[in-house]
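Have a look at this one.
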């Protein structure tokens, strides 16, 4: 077949006749335009042109093959005939490139927060916006980390802590340390290779990776990147079309996934205003779109329209019927639902508020944990279910606090994304190593030689549910105009000016 | 009748012979001068001149017809003969105009606080001062919003939340969402059309509007602006002259108002120092007026001298006798008075501290709500009265918290004024739409499909009455001079200077 | 007697032969030098010269007559022969004078904190330092005001509050409002006329003034400044020499003082580091005085060496024997001592920590009040003693809170000093009027028509003893160096510089 | 023996042939290189050169004699032949020297925090980094001081406090005031003479000094610096080789040490990131060292590799067998371990978290004290053991609070290091004198005449365990990007630029 030329494709540059080039092939997306979850406008920007660069971070590579009918595949393009858009680098981008040149050497990062500091400097604003943003006033986002500071240690002394064993098992899988890489979307926003970077680093450190439904890489690419024997879990957004869900789950099980984490805190994906704000571009005129409040809501909304808000407890038996993988509910937020999860026969729960990205004012997972475990113990259900937490974990001391309070393990998401975005795989590996170093020291100083010795008596969590001083709500503070003392009277000069 | 000329009017430019022009007609206000609630000085500034621009935001258009005897109406003026004051635009005003030119497009406002940010930039200082100010140190003002952050959610998961129904009824009126536009004074300070802007936006979104006694528009104009079937309530400051009050109430009922909200927290209107401060103009010399502490106290005091401080529980039966509208007491601040309101046979209460504008150090309405509902339930009075709250509501999550704690609905005031002042009716409509969008998402994420499912179990409000970290008192902090570390000794150069 | 000439006096300008001129008379202070409580150095600065300006604010005018033997009085000086020191005005002083020129008109001060803001700008640094400083880290100083913000109102509505009566009696004296001007030292630091300014303003407003032992004016001058019938109280630092004390007390009683307030919280006057810091002057060389930690400790220490640290409960009967005035213990800080005061037969206590100037980390008076009154009620002692509080009162709402919690009245000190220092008597009068206006509005909005109606049910003080978020310790915060994120690597240019 | 020349030594400047000069003698450290706890790199920097200046602050002078075989001692060097490195003074160092020239005179330091402020200005960054840093987010570091502010005084009045006796005994030793100089490492970083400066100042004020294992001076130098009868204690890091430990302990006892403080909170020395950060030097290229997270971890790690992490309760009897000195466990952090310490037969415990340098999120010693003493009293063990606290003490009021809560005495470390670093011995002496002055005043104002009168009734510590508002975690706050209000639209000029 003769290659298409750029000129030929360029003719189809209108809403009612729209082709785009992706990875050297042309596609007719005219009919698909109104259905595009990310909106029409973003595609039209590339009508008749090469859209690869914008396409890649948001879509797994097999997207077009999967979702666009073969008849719309217009065939390969002679890329030498396609006009290369010359990106005039914006001043902002030039500054970012300069910041990248001068970023600190990796070994100057001493903790997980350091990676976040560096990532903030070197990531593109939109990528940073997508990763770092959270719901509404981002109060839960900050509470997630802040909650750990209301838990204090009660270390034991004079314990022989020469040998520290921080290994554990999670859902039957032995792992080197009780954290896993939790699922986060759109890895290619931060690094051109995307989630496989996390896969490789996880293998190096023998930690478990949870594969996200909304990965930039395709599911199979991520599984392929795993080493033999490396354990991965599947995070699942449940599709309105249950057959699609069944195929995804059973494919994952066949490919060797060892657990199914069903996200239950996202019947609708949250609005993250920081993310939306970063998309702002002056459109030249004052557009008063009135009711159209749901446009340009950032990457998250664009990619999630398939998620089923009707998912309910009634669906759990069906999930148990289609897979033998252990099932874990991700996003549980109250003790009543943990008890119900036991009754529903699932193997685990992740106490989580989705990194503060869903319902603002949700409590931190670690606070829900402190509410949950005494009840489970009282009901004799402690051993019936594994309880995980995620959100706000930045230090091994955070992990230790969660484990003392009864968690089986903790999930860590954003910090690894930041490490990856700033330094690639070596960054992620160093982040993991730092956690291991901190963990070893923390257990030693706490007088705990093994995970089993991390008990509630080692912490004082009495202030955990005390919310007398919640995180500051920035927007509200920004618009409050402080009271003023009486002004001096103007001088003669100042008066003359008036 | 021959038209008056500007020159003729201009002769009457003294305190003992004072005419002013309003909307093209001349009035002799000489005798009225000492009674003017806003003071003599402000009128004298316009003696013999056109006062329309200053008159309009503060007075409903029918004021002069109502309150000035016909004999003082001097007749229409040939406005072409009236010297047009040339306003030299102040540098401050020029900057404001520039800010208006560059204000963000409406669709960049993602939440109610965004409107406040924009309004702060584009409103006149005095208008901003009147709307945004509150009593004393404005601690209650900030507490009103801050209190919501001491309430945390306990969301339910795996509820089929595909369909969300946020409609409810308030005082028997069905409405699309459980908030109403509460009464706020002087709408024309923010927008030339005043309160009718809110009327039209309320209709568009099927929410109830409460008409303020102190509106800039006349009561009838606001009612006329309503669409057929649109529900409005009347907010009432009770006049010392009860006949005036009776006329107002019965007129409102005839015009179709569906409820009477009697303000009970304002026997005297609060002193708002920020508002007063904005009125400051250097008077050229150091005037030490000694005891005269009650001058220039801002718009609020000027317009409220008629309010009756003797209003008491004994008056309630009389109100019940003059109207069939449901009666609601607006401004209740303790559970004892809610119980008493039930006994008094009224249909509702609004827990409110008047937006922090009356007694500083009053508790937030939502804290009073948490005190109130358990008592009502214990006394079996829960269904005998509808309990509303207002103050500090900025997010749908705030509404949700109030409803979980037992409120029937919430009133929202300032945010709509800000939206109106910045963007007019489209602004108010967008603000309402944003609340609806937030509300739908909030209910979905909370696992509540209908208003009835919003129950106390969905929140953790144990820290609500914990005031260990109250809002900062700005003035006190401003005058405190922090301790200093020992100063370095001066260098040779510095010494030489001394 | 022939007048001395400046030249004659100027000869006596050495430590072993030291005369000074005060108010036109020469005094030989050679022998007195080592006993001067303020230190030798400050006198030697004026050896042979006119010391009046430095003498005045610190000493009552009758000091030299009282304490220096007649033989040392060298007689009147012909002041025309005394060389006038030409003060080269320092740049700092010039700026202060400029600030004074542009200070806001009095009617721009809307509350007590405004006077403090103005006073801070226009007072001399040393005077400001003496008035505003407090002990150690000034945590109690700030807690005094902050504590009021942990008390919240529970206002009653629908009370006929047309008439507000805020009059009360204190120790049998009727007064217009339940506050008094408490004793503060060295009034002439702030105003050339000193304490009599407060006397006159107190009369105008019918409030009681407490006369300080350490006044700049003489006791008799202050009494003489009172109008007929004006009530004054005496504040007493007890002298080691009880005869001196007896004379002071009995003289005060004869002159009409109506109560004796014995200061019991100052066996040693506090170290106020801000005050000390302001005295710093570079002495040209690095003086390492080793143990001499007690030099230049500010005005307070200089004037207080006579105070008896051995004062104890055993002395109370003696006081009761020498005067018929009611006795009040000023500076009580725990309920146990209030009960003991009742047993000791005194008529009142002032719960006070001396404005935070004595023991840092002392609790606020209002917190001690909340601890005290329930115990007194339980013991049936409530009516046996009048309980006053002082410290941190800035708003009428503060007064109202104290009265609701059971105080008979509150003392206010610094705010009147600031008003006096900035605006003289009109300032103090306006400050009092502002409090009255605030008080009237506060009672009206609280639904309390008289002092008797101010009851504990009107406040929620449950958070008062909650010290989870104490005032920030400024020095400690200043020396803490925050952690840093990894630094960017230097650019080529920066490297070149290194 | 002929002196070596600089040239001869300079030949041995490679990793496989490495000599260094220390105090005029050459040493062959080639074989020792890989074992150097501080790493190879730092030695190689001085290969073939004079290393004295870098060697001194980190190593006691007898280190080489003790640990390097005689055969490696190459003998004295003719120092006149050694090339003097010309230090080009860095701009940063020049600025520091300027700051030193202008440092405030000693008598301008009014409290312990003042010394810290001055030290921060005049110390070398690395020394400041080592002294001031703490573990992880330094939250425990700040909590240590902050905790004292949640304890409030309840002073007694009318006690005859003319005579104040603040003397006490600690472990049988009478001392002038209940604090001791606790052990801190590497004194020569702050002052060229090191720990002996503290020895001499301690003698002057009759306070006890605890000699650190990790002193810069040799143990014997410190003992030799003591005056006859001056009491010193030994702080011990227990060596993996118990014979080394036995020798140290028995040598100390022979030399007159009066107590043995075994550090039990440091099985591994903490990571202090601020300390590490200060060591950062750009190494010219981006070194991605991957797993090598344990390099350049600051002074602390370098000097502590000998410490035995297997130390346990089982070792206590052995310690009791090798010495007659009273044994105190330093670093106990929970009441259970205090009780166990009594059972183990030791004479005391120091409640301590090692100045916040070990496990971040550990509670303050004073909070553990408040947990401990009631339990001891209940168990009747109060008199069986002496309980000390250290960490965060900056004011005599802090000491008083600890003693009221039951402490026998408090340890103070960093403040004396800062005083020494800034002003040498006179600085330390003044710091001690200031504490004595504060203590005398504090006891007087508290109404306590002697240490025995410091009882729990004098404090209100109910908020001490309330952690609603923990210290801010700086790194986390630094990386959080606040939400923004909608941006203004660009002006024409700004657009042109874009």
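Should a chain be cited, it is by its letter among A, B, C and D, assigned in written order, with residues numbered from 1 in that chain.
As a convention for this text, contacts are C-beta pairs under 8 Å (C-beta built on N, C-alpha and C of every residue); 3 or more make two chains touch, one makes a residue touch a chain.
Fair warning: this is a prediction, and the values are worked out from it, not measured in the lab.
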- Item | Repeat of interface A-D, chosen from A-C, C-D or B-D - more than half of residue-number contact pairs shared | C-D
- Please state whether the interface between chain C and chain D is built from the same residues or different ones, using more than half shared residue numbers as the mark of same. different
- Note on the structure: CA centroids of chain B and chain D: separation to the nearest Å works out as 59
- Task: Take the average of all CA coordinates in chain B, do the same for chain C, and state the distance between these two points in whole angstrom.
- Result: 42
- Query: Considering chain B alone, which of its residues make contact with at least two other chains?
  - Reply: 105, 108, 110, 113-114, 117, 137, 273, 277, 280, 282, 466-469, 475, 478-479, 485-487, 489-490
- Note on the structure: Interface with chain D, chain B side, in the complex: residues 99, 102-105, 108-110, 113-114, 117-118, 121, 466, 468-469, 485-491
- Of chain C, residues touching chain B in the complex: 90-91, 105-108, 110-111, 113-114, 116-117, 120, 132, 137-138, 142, 145-146, 148-162, 273-274, 277, 280, 282, 394-395, 397, 401, 423, 426, 429-430, 433-434, 437-438, 440-442, 444-446, 457, 460, 462-463, 466-469, 474-475, 478-479
- Message: Which stretch or stretches of chain A touch chain B in the complex?
- Response: 136-137, 139, 264-268, 270-271, 273, 276-277, 280, 282-283, 286-296, 308-316, 329, 331-334, 336-337, 358-363, 465-471, 473, 475-476, 478-487, 489-490, 495, 497-498
